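All remarks here apply to the structure that follows.
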Amino acid sequence: MFIKDLKVGEEVTAFYLVKSKNVKTSSANKPYIDFTLQDITGEVNAKLWDAKGDLEALYNPGEIVKVQASVTQWQQSVQLKIIKIRQSEDSDQVDYDNFIPTAPIDAETMYNEILYYINKMDSADMKKLVLAVLESYKTELLYYPAAKSNHHAIKSGLLYHIIRMLRSAEALSGIYKNINPDLLYAGVILHDMEKINEMDATEAGVVETYTKEGQLLGHIIMGIKRIDRIAEQLNVDSELSLLIQHMILSHHYEPEFGSPKKPLIPEGELLHYIDMIDARMYDMNKALKDMDDEQFTDPVFVLDRRRLYKSKYSKSE
Amino acid sequence: MFIKDLKVGEEVTAFYLVKSKNVKTSSANKPYIDFTLQDITGEVNAKLWDAKGDLEALYNPGEIVKVQASVTQWQQSVQLKIIKIRQSEDSDQVDYDNFIPTAPIDAETMYNEILYYINKMDSADMKKLVLAVLESYKTELLYYPAAKSNHHAIKSGLLYHIIRMLRSAEALSGIYKNINPDLLYAGVILHDMEKINEMDATEAGVVETYTKEGQLLGHIIMGIKRIDRIAEQLNVDSELSLLIQHMILSHHYEPEFGSPKKPLIPEGELLHYIDMIDARMYDMNKALKDMDDEQFTDPVFVLDRRRLYKSKYSKSE
Amino acid sequence: MFIKDLKVGEEVTAFYLVKSKNVKTSSANKPYIDFTLQDITGEVNAKLWDAKGDLEALYNPGEIVKVQASVTQWQQSVQLKIIKIRQSEDSDQVDYDNFIPTAPIDAETMYNEILYYINKMDSADMKKLVLAVLESYKTELLYYPAAKSNHHAIKSGLLYHIIRMLRSAEALSGIYKNINPDLLYAGVILHDMEKINEMDATEAGVVETYTKEGQLLGHIIMGIKRIDRIAEQLNVDSELSLLIQHMILSHHYEPEFGSPKKPLIPEGELLHYIDMIDARMYDMNKALKDMDDEQFTDPVFVLDRRRLYKSKYSKSE
Amino acid sequence: MFIKDLKVGEEVTAFYLVKSKNVKTSSANKPYIDFTLQDITGEVNAKLWDAKGDLEALYNPGEIVKVQASVTQWQQSVQLKIIKIRQSEDSDQVDYDNFIPTAPIDAETMYNEILYYINKMDSADMKKLVLAVLESYKTELLYYPAAKSNHHAIKSGLLYHIIRMLRSAEALSGIYKNINPDLLYAGVILHDMEKINEMDATEAGVVETYTKEGQLLGHIIMGIKRIDRIAEQLNVDSELSLLIQHMILSHHYEPEFGSPKKPLIPEGELLHYIDMIDARMYDMNKALKDMDDEQFTDPVFVLDRRRLYKSKYSKSE
Amino acid sequence: MFIKDLKVGEEVTAFYLVKSKNVKTSSANKPYIDFTLQDITGEVNAKLWDAKGDLEALYNPGEIVKVQASVTQWQQSVQLKIIKIRQSEDSDQVDYDNFIPTAPIDAETMYNEILYYINKMDSADMKKLVLAVLESYKTELLYYPAAKSNHHAIKSGLLYHIIRMLRSAEALSGIYKNINPDLLYAGVILHDMEKINEMDATEAGVVETYTKEGQLLGHIIMGIKRIDRIAEQLNVDSELSLLIQHMILSHHYEPEFGSPKKPLIPEGELLHYIDMIDARMYDMNKALKDMDDEQFTDPVFVLDRRRLYKSKYSKSE
Amino acid sequence: MFIKDLKVGEEVTAFYLVKSKNVKTSSANKPYIDFTLQDITGEVNAKLWDAKGDLEALYNPGEIVKVQASVTQWQQSVQLKIIKIRQSEDSDQVDYDNFIPTAPIDAETMYNEILYYINKMDSADMKKLVLAVLESYKTELLYYPAAKSNHHAIKSGLLYHIIRMLRSAEALSGIYKNINPDLLYAGVILHDMEKINEMDATEAGVVETYTKEGQLLGHIIMGIKRIDRIAEQLNVDSELSLLIQHMILSHHYEPEFGSPKKPLIPEGELLHYIDMIDARMYDMNKALKDMDDEQFTDPVFVLDRRRLYKSKYSKSE
């Protein structure tokens, strides 16, 4: 049974992926385990009150477990009270991918779509620079999410974010002729790339922590340093390198969101809006897709606590 | 000679359109006329010091005059000191259109492109409503600007704004499948329509003043009232009318820019960003198009006083 | 025993009104009911741990129940642990009004006081318009609160809010002769009227939810549309209708509180301040009235978390 | 001829009061005098180009002069070019009061109205304290304005401000029974009293400068110190003194307007709103009273640059 | 065992100081005691479930108790479940000072260091004034903390804050010759002195509550009044008194932090920065001192929720 | 005669340095030159109305001219009307240094003082890194100002800013033992170094323009990139390089002033405050040093338009 279908008062037997695990002590002074379990449809808190054995060794994050549990309610949320638990075995033939929320397009396919856009560039220097950066990140890019908990916090989410932005960039630079598509594509591909070094993520696309450099400098500054060095090594035209650094610097647009400069070129301005559109469309679709028509959502934290409306004219992806 | 080509110290003889005219008194206590003259390339202040005749009757806004003048400098700006002036005559064969900055696409063509998008709508109610509103504004829409002094403050500027937004709307609703194109097109076509009643503009596309209702309520509120009444008259589904009203209400996004509600549906969110993109691309292109490469503009008021950069990779429309 | 007199450690037997009810599951995996009970002096949380029977059907909001309970403490608050519960019966002869906080003046009396002010108006158009709107809302107006949880969130609270503002309006327009009392009275009577359609309230004056149109447009926009239509139907002078719409639009004063325009006429300015005074006097009296002298209240959420002071010179209504 | 009736292009001979005078040097390197002249209807800039004699000694502020001048225009404003000027003489029989904007009620009458309100107080301590403070300021209070350039910047303007606030205080404490009128009257009478020591004003009610203590501490802090000392000398109940100090401290309400604490008692809250109402009604009446109907004013600086509307339903004081 | 060394799952027997105590009722409807216990290394929550005897009389704040308890975990924090508890006895020979976080320098020594700085002043009036104020506060100053929960919330914390600021003042006025050290020392010594009357603290340096005057006026206003009176009594030069009052008024710098005026003299400007430096160095040292290298702290509330970094180059006091 | 001693109405003959020069056209349509002239005491506007010869070639910025001029007044300012002008000749024996505001300490001396602080560092890596950066900038550092128009906008102003900050850093790290002086010194020396590449300045210490990279990235980002590369080349410990980059990134403290991260280490926090103190002491001393006692300055733009007070207790550098 999928997590989103759990009903209070019933009992469930199912496989779930352990997302996090904490050994705690109950008010009766006994150890218990506090889990976050997940499948492709969501997450649920679960308690194993009667925990025995080597609690540190068992049921660790990244493992799949089979649980029998009663579905209870705590405050506004569903919670599992685990009756039985064991680790999954080969004979269970569980498919790991069924437990990890993942972008709807295959990672290699998306990677190749980026290559297609690089190929369309007129400037040889631009091609050379973007390709070199891209290839140096390929391994991680195939599974990295775009964020810890906001938009595109899924496996291959960063790739998916880039791809949809590239498509928008192509469409809009067809309408606005004052845009140099080479610059815009480069900005799209590189703007968030250093999130890979700002956050530590598992191959399941889950961010576990921010890195030391990520906290002290942030992905914007790290990205600028990276472009600066690689462009110099490849002997790329310095104006071109500077413009890309400026686009990375300014793409959050407002100082309080991390950009000390606003865009001074149209490609930087458009990059910002394309980025916003992709994030907002993702978050709104996620909030609305499982709702009934003519209902309002609960306040959505990442959208300024707005309560979105699902009308009878709504569509979902 | 075009206004943008005037050089301090030279003398010029040319036809210009009178944009504004004020009769004033000089420090020597004599009457003089203070003009703003324009042609398709810009505007210039001009003084007629030695003014004779019925000053109130002569050389009024909207008329084309022939002037002989010396080109002087006042503070940072070029100024004309008029030596001779007369009204244009039929025999001059001046073409009025050479003096009025106008959208680069023919107005009727743009109007028909709107009809094309209305035609693509699935919902009969939506078609009926949008068409009724559009047709009721047709006469003014063909020449109205989109603003008094900001983006698209040109003849047929409002139409041009709508057309480019519709094209973006079409492209982006092909990428973001959670968008109902009918709703988005309707929002684009109607979001600024009541600017026609908020501002009084001449047929040359120049806004002269804000109307009483424009100042006391503003085009957002006026637009909502208009949709509300027409939808009722046409018996349009009330949810549909309500959604369009909500999109109009929320399209400025922030309370301090006039929207008491933020968008609660994805189509409203996207409408806002498409609107921003079109305004910003217009303003940036205008600021950069006559610049040399590798130069910064003066601070651009409407872009938070940013000094934009024209790189060697820049393109202009 | 009144709720405000409950003491931790004692036992109580009393009648209370069910304000809300939720069926939940305990940590021991058994169903229980979580109530909010109220009487005229306040509200208290109550738990029925040993719940039997058809829990969905029993003890619903709006019903009066008789409970025997022990008074316990949870965190900083008093809580009831229910020992026995039953629904009230005719033979109990409970008076529903003893359980509902209500404005201190009779609703019909207040309604008539509004009519008295309408009668004093000089302008026949104004009279006609205000009277038509008022009468169309009469049924709901007699019991509607003015808010969900802030000032005047009591039965007939909206009427009480209007009445006290009318009295202030009369007094202040006697002092400030640049005020047209007709306009000010009309603004007072109509400024919040569409709260009746923005919020769904029970006849006990309790708001249960915001309506769809309330969330997508809000009572200010809804009020403007209503005035606009009715004034047109009644053939009211358009300037007069416009001024009232402007007063409704601007009465929250700041964009971030929902007014895209600030008042441009003195009557709108004064309306705002009269509205603020009535709300603040209500909230401050509520916070202070049961306090001892020379004490500070807990932080009052609706007053920016201020801790009010009850001095020995304080008075209560 | 009154200043407000001057017409560009005409010549005028009239008496005016010198408000300010500066001796300057012209571009032709000759001395001239730059005046601000005033009468009861307004102010006008005037130039005496051909200045002879002891320029420092002649035509100083506070003197009345007779001028013959031509009325010219400079930028948007009317300006006088003085042809002849002389000081007024006894034989001219000019009435000084015709040149000074003054509150519409006689100063002694207003002072007595304050005494009337003090007399109504129940608390002997309050009476004693307020009376002592009031009497110590009587001389200045009779002519002081309430501000340098904003509301009530007229002779006896501070008294007029107090009187209208007291009337509002009386009316509103009749409606809101949780208000102690003694406290509110005391707050009204004392809240701005130290403006007398914060600003240096002439007997014509014109503020010339801020004092040293005014700039380093401001009238709010100065007022608190004053009350603190006098209350101690008079042996007034300390709670009462503290409450008045708190009302003075909090009456500007927002930190950025000078109040480090918000009101914690209802009388302080109401004092703030009564103060706002009186200032705003004064400023709005001043901006609108000489306008034609159905016109908007120029942006009014002190009202957040709003352009007020004078409707056909407007009234003026 | 020190509180910072407690480990979940172990049992502890130790003496602790009772910081706060609340008698509550459990879900099983039995009374229990909820303690905050402290020693010199920190604080811990403790529950006495099986509480017997006169619960109001036993184990009150300020007493030292001996407890036997098991160390458990609740949410993210360590908690004690008390097995046995008794009050400390003379024979236990516990040293009260081991339980109270105290400034690292002896109070009398610090007091004498202030006298040393007063002695260095050139101005006799300044010496006289500062000394008089200092001596009038001596008793409380020896143990008062500088805050309820932020920086220097320890016994003698206010003295420690003053001392370190005086040392900075001395060093910086040696570098910046436009600073009058007399004024700066006076400002440092007096800026927070009225915190002693704003907050009620125990002799252990723990703030229990804010006073009435503290809440209605605050220590800045109270300090100004105090200086004003004492300076007058001692016949101190009025300019000097005014400057000190201005420094107290402006030392929080921003209106929203309580200063209605910004510093208008360099000594006031520098006082603000010295104050900030001392507070921030204290808070940062406290947050980092027990951390391992190359770790980030949890978000620190008083430092805008920053997560500080302890590098391998870090030093602790 | 020094510029600060010019008196309106007199005539002057003196040498001044041309700071800027613009050829303009008068209202009589004749060319004239608009100068800014300077000496060590200030700047003055000057007009050469009767300009003859090759105006583009003559009297350019950086040259010293001898002028005979009458001193006139324009608006609030003194202005020179040039009667005669010629370029200075060798025989005039003017000393260039008398015309350029310069830091009060010799540049080489200051440079050596920096070396002294580097020498005190414990960490060999830190020494190596800071020294390498410093030496690479030595030529420009000897004359660069610290800003275009704010604090330390004088010749060698950047050096002077660094030196005074180093002295404060030494003093305060003696008081606050949780500070690593090596890190703090490094931060002080390097925090603004890239201003040298952000702004183009003449050897007279006058900034003429911002560079392209300066406008697109800013000195903070440029400084981080520089440290990053040099540290890598020199094989400096990466944690140390990262900490210095973080200190540069965070030293403006607030996002709206250019720092996307706040300091996460105490040395960064202290660097910010030392930087503020030095800038503010400089600006305040500059504003007050030529004032009479017991006067207020005009509003000082760079100090939030505060009007500073010069008391009789003030000192100047």
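For reference, chains read A, B, C, D, E and F in written order, and residue numbers begin at 1 within each chain.
We take it that contacts are C-beta pairs under 8 Å (C-beta built on N, C-alpha and C of every residue); 3 or more make two chains touch, one makes a residue touch a chain.
Note that this is a predicted model, so its numbers are computed, not measured.
**Student:** Going by the stated contact rule, which chains contact chain A and chain F alike?
**Tutor:** B, E
**Student:** Which chains make contact with chain D and with chain E at once?
**Tutor:** Chains touching both chain D and chain E: C, F.
**Student:** Pick out whichever of the two, B-D or E-F, is joined by more C-beta pairs in contact.
**Tutor:** Between the two chain pairs, E-F has more contacting C-beta pairs.
**Student:** Which one of the chains is farthest from chain E, going by Cα centres?
**Tutor:** So the chain farthest away from chain E turns out to be B.
**Student:** Please state whether the interface between chain A and chain C is built from the same residues or different ones, using more than half shared residue numbers as the mark of same.
**Tutor:** Counting shared over all numbers used gives less than one half: different.
**Student:** Could you work out how far the Cα centre of chain B sits from that of chain C, in whole Å?
**Tutor:** Each chain's C-alpha centroid was found; their separation is 46 Å.
**Student:** Report, in whole Å, the distance between the mean C-alpha point of chain C and the mean C-alpha point of chain F.
**Tutor:** About 61 Å separates the centre of chain C from that of chain F.
**Student:** Using mean CA coordinates as chain centres, what's the chain A-chain E distance in Å?
**Tutor:** The mean C-alpha positions of chain A and chain E differ by 44 Å.
**Student:** By the touch rule stated above, which residues of chain D touch at least two different other chains?
**Tutor:** Within chain D, residues 212, 215-216, 243, 264, 294, 296, 307, 309 contact more than one other chain.
**Student:** Run through the chains and report each pair that touches.
**Tutor:** A-B, A-C, A-E, A-F, B-C, B-D, B-F, C-D, C-E, D-E, D-F, E-F
**Student:** Please give the residue numbers of chain E that touch chain C in the complex, ascending.
**Tutor:** Touching chain C: residues 24-25, 27, 29, 31, 212, 215-216 of chain E.
**Student:** Provide the residue numbers of chain B that touch chain C in the complex, in ascending order.
**Tutor:** Counting only chain B, the residues touching chain C are 212-213, 215-218, 220-221, 224-225, 228-229, 242-243, 245-246, 249, 255-256, 258-261, 264.
**Student:** Taking the complex as given, what residues does chain A use to touch chain C?
**Tutor:** That would be residues 8-9, 70, 72-74, 81, 294, 296, 307, 309 of chain A.
**Student:** Okay, in this complex, where on chain E does chain F touch?
**Tutor:** Interface residues on the chain E side: 123, 164, 167-168, 171-172, 174-180, 182-183, 239-240, 243, 262-266, 269-270, 273, 276-277, 280-281, 284-285, 288-289, 294, 296, 304, 306-309, 311-317.
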